[in-house]
Structure formats: structure tokens, C-alpha cells
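Below, chain A partners chain B and then partners chain C, in two separate complexes.
Then we have the complex of A and B:
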């Protein structure tokens, strides 16, 4: 599983880095991605923004690690292109 | 007009409907540009090039690297500096015949009415609803023509507001969108060329208005879709129930709801 530690980042940069990483994974066969954030609005906006991409990303789980820290588990499919 | 001015403005002085009288009106005009970002850069640049005599750039924000895909008045070396100051300096260099001033204050509903007084026009380049409504209400109450514009993703909008004569922003959009429609991060995306189109349209409207010429976006909302490059002009009208320009003015501050707005601090 790939890990993207975005602690200290805010929206929309949390999504910027998530999107870049997910695309990189999608173009090289897909896989699982864990994104760590400590900006609570990102917990909702990352999954929503990923869904809007229409790439078939699946959010498997969101774990609250306590305080402001969350882990978002994402299944990235292999892209066709 | 001095010789430098004649040369500098020669290509617009030979335009139909435009001449020394119109150029003189531009020179005597005092304009506020609210925001020195994606819209503010093209707006203030075109006002500067056209020879608007006094331009006040109002922005409290500082330059960030993520601004540089659209905010062409800044270089990487400007990161961390006050946008209004960098912009005013650069624009003053571009056209030394005019006066460009920086105001590094944050526009709020409380200070907008005082801050936006005594101008011949306001061209709005703000990026959030709280300030946009404050600017609209202040322009209407102070009776200053307002040239509105907004851009998001591949879409843009523009309208020209002559207070108490044409529809204002609040006539068309009495309330900001509900919190449930808060844009996602994706929707914070923006292409420089698209926001540039919108800013250039606002500047064209403002310049023609200040020169005393007819303008095309009174009582009209221009909707631009750069996906398919569609331009649509929708008829709009004043509302007697408008809290800004209707029968009675009611102050109505708007809370900023967008979680992706860059200035949002927890």
C-alpha cells in the first residue's frame, strides 16, 4: 500500500496531492493508497472530489486516529489509457 | 495629452467612437479594483494600459506559488509579498502616465461602505461570496457603477451594474448558495486563460463606461462556458424586493462558507 502523508496541508492542496498520487498509481496499474490528513474538512472533500473525477476511485475506509488526524483508504483502479 | 500619451494611446484614439474626449474621461477617472488575484490581474492591467488615471488595488493577501498559473503580475520571487503592493508597483512601471495605489486592507461588510466611496467605478475581482456581497451593497449604496465577474473551473460570469438603474448582483442572487453546495476541492480548480477572459470582459465594460460609451452587460448576465467555448447572455432585471437596491436598503452581511477558499483559517 502506498502512503501519502498530508499532515499540515489544507484544502485544496490536500486534493491536489491526492489526485496527483492517485493518477500516478492509476497509470501504473492501480493499487491501494492511504492518505493521512489533519485538516478535518479534507475528510469529506477528498472522497467527494475523487468521486467527481469519474475514474472509479473507491474510498474503502476513513479512520479517525484521534485529534485532528484521519486516514483515508482508497482503492485506485488501473486506468485504461 | 502629452506626446507620450498620444503615442501610447494612439491605437485606441483612432477607434470609432473613441477620441481625445473619451481618453480625457479615462484619465480623470478614479477606479477601485477589489482583489489582485486571477481576475484582478487582467482587470487592473487593462485599466492601466487603457489609461485610467487613478487605480486603487485593494487586496490584503500575499503572493503564493499556487497563484502563478493565472496571476501574471507576479513572479516566484514575489512569494510572500503583499499582492496589492507588487501589482501597483508593476502597473506603475507599465504605465507611468497614471497613478496606481495599493490598499492592503481586507474588505469586510463593516468597512466596504467607507472603503469603496468616491470612485467612478468599482471592478470586482474578489473570490468569495462574503466580500462579493459586501462590494455589491457598498457600490449600490454609494451609487458607484460596479463591474462584476467570477470564474470557477471552466466557467465564468460577468455583469455590469449601474446602481438603481440596472439589476445589481443581489437582484439576481439574493442569497449565496446554501452550505450544502460548498464546492469541492476539484471545483477550486481554475485555468488562467479562462479567468483572464472574464477579467478582460469586465475591464472592457468598465473602460467603455468610463469613456462615456454604451456597454453591453447592463441588465444582462454573461455566462461563459470554456469547455465548449459557449457565450450566453441572459436577460436579468431589477427586483423591488432586493435588499440592496430595492425600495429600502437592508444591510445583509454574508458569511463565508466555502471550505476551499484560500483565506479560510480555522
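Then we have the complex of A and C:
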């Protein structure tokens, strides 16, 4: 599983970095991505923005680690060239 | 509420925001999707916008404004339950019965508004800002709030670094308007323009009379009497009035033409005069005589 630690980042950067990472993974055969954030609004906006991308991303789970920290687990499909 | 805009010298309209549970007819919708905070700024420049869910690009705003429920985090502040179908954003005079009124302002303008409202208790976190901190929050608490915006608003909506937003239920702005009117009535007595903002030739007038410069007034002594001079703007923002303030120890009745305020062991006597009516601020003609006459009047001379 790939891990993207975005603690300290805020919107809209949280989604931008997630999108770049997910696309890298998609073009490299796909896989699972764990995104760590400590900006609660991003926990709502990252899954919704990924869905809008139309790439087939699937949010598997959102875990609250306490305080403002969350983990978002995403299934990234392999992109067809 | 145009009076408020004029008093604060704001370049922006006050913005009225109204939430609808059904999509109303007859209002223009945006040509392309954008962000609520961006629509607020456009409304402050005069535009009327009816924003529906499909017009909003920001997911956090959809939650804060009550278009959608959150799925993973109880984001606050937000409109609960989520039954909003449209939001009207327009210059306040074009919104009937708004839920919230917004004023895009500089910190100094917010400071002045807060002083006139006898304080604002602000709560902000730099996230879900325009949509949450100055829309959902004032609707829920029925109190004013101030937001310093969020990263998205600063990045996409073209707010200046020097701009913040004061948001409050319309009643608060009506109160502010009443205070502005009261100030106009007394021409802002005992609350003057910052002397650093005054034209140099006006400052020179009082300097030549031997007055020192305070932050928002000039002070000096005339015939052993302490005198303070406040200069006040009209609703167009022009320096148009002079308020002469004479603090007198003890309780005294105001002479004709003066008003009085008690302050501890002192009575503040003050009177306000309009530029051009017996004196000229631009040249200083008649100013010395006016002050002299008032001092003599207070002393019963």
C-alpha cells in the first residue's frame, strides 16, 4: 500500500497532491493508497473530488485516528493507456 | 444599508444572502460553476446570483450551506439539516429578508464596526470560512462573526490579503445602521478621523493654532482651557465637520449650542459645526475665532 502523508496541508492542496499521487499509481498498474490528513474538511472533499474525476477511484474506508487526524483508504484502478 | 457602506467608505456593496428550500424563479444563475466565496465577491461588486448545488464547485461549501450532509466528519459550522436547494447572493438591497448580511471589510473597518456594536465575539479557524464562519455560524447563533477566509477563498475568489468578512443577521446590521445615523446626527462627536489620514493643509491649520496632534484629535489650551478638536467625515467620506470638545471639571449645564456627557468627575461639553458655515477648514479662516468664542461661551463670557 502506498502512503501519502498530507498532515499540515490544507485544501485545495490536499486534493491536488492526492490526485497527482492517484494518477501516478493508476498509470503504474493501480493499487491501494492511504492518505493521512489533519484538515477535517479534506476528509469530505477528497472522496467527493475523486469521484468527480471519473477514473473509477473507490474510497474503501475513512479512519479517525483521534483529534484532527484521519486516514483515507482508496482503491486506485489501473488506467488503460 | 447604503449608509453603512458610505460611512465606512467601502468600495463594496453589503451582500445579502438568503437560503431557499425550493429553487425560486426569476433569479439569474451563474453561467458556469464557481465557488460560493467567489459569488459573494461578485455580489459585492453588484451582481445578483442564484446558486444551486450544481453551480457550486466546493464540496465543503455544499456541506456548510446545507445542500448536502457530510459523510465522514461532522464539519462545523454548517446548516442542519441539509435541506437547502438554492442560495441567493446579491447586493443587500436586492435581497428581500436575507438570512445573513456580509460586509467585505478591512481589519480597520471591522474594528470600527465592532466598536459601534460594543464588541463582536468572533470564532474562526481558517477553514469552511465564507460559507461556514459567516453564513452558517451567524444563522445558528443569530450573532455576528468575522472570518479571515480560508485557503480556497484566498486562492480562487480573488480576495485581497487585507480583506476579511463580517457576517451577521440583518438585525445586527440594522443596529449598526442606527448607530451610524446617530453618529451622523451628532456628526461623530468625540470620535474623529485619524489625524494621519487628514490632508496636510488641514493638519497645518491646527498646528499653526498651537494644537498638538493626537491619534484622532488635536489638543491644546485656549485661555487655560483644555480643548480637543475632532474632525468628522460626512456620509461621502469627506472631512466636513469640526467637533469642539471642552472637558470641564464637575457637573455643569451645557450652554446653548452645546451637548454634554458626564464622565466620572468631568462633564464633556461638545458642539459640532459644518465646514463653510462661519469657518473654512481648507484655509483655517475663522477656526481660531470659533474656538475662542466657544471657550468664552462655556466660561459664561
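The rule is simple: the second predicted complex is superposed on the first by the 81 of 81 C-alpha atoms of A that agree within 3 Å, B and C clash if a C-alpha of one lies under 4 Å from a C-alpha of the other, contacts with A are read in each partner's own complex, and residues count from 1 in each chain.
One rule holds for everything that comes next: contacts are C-beta pairs under 8 Å (C-beta built on N, C-alpha and C of every residue); 3 or more make two chains touch, one makes a residue touch a chain.
Model, not experiment: these values are computed from the prediction.
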Partner chain(s) touched by A:12 [first = chain B, second = chain C, both, neither]: both
Touching partner for A:57 - first (chain B), second (chain C), both, neither: neither
Touched partner set for A:43, first chain B, second chain C, both or neither: second
First, second, both or neither for A:70, with chain B first and chain C second: second
Intersection of the chain A residues that touch chain B with those that touch chain C: 10-13, 41, 45, 48-49
Residue numbers on chain B that touch chain A, as the complex places them: 66, 184-186, 188-189, 259-260, 264
Chain A - residues contacting chain B, complex: 10-16, 41-42, 45-46, 48-49, 52-53
Chain C to chain A touching residues, read off their complex: 58-60, 63, 70-73, 75, 126-128, 150-152, 155-156
Chain C-facing residues of chain A, complex: 10-13, 39-41, 43-45, 47-49, 62, 64, 70
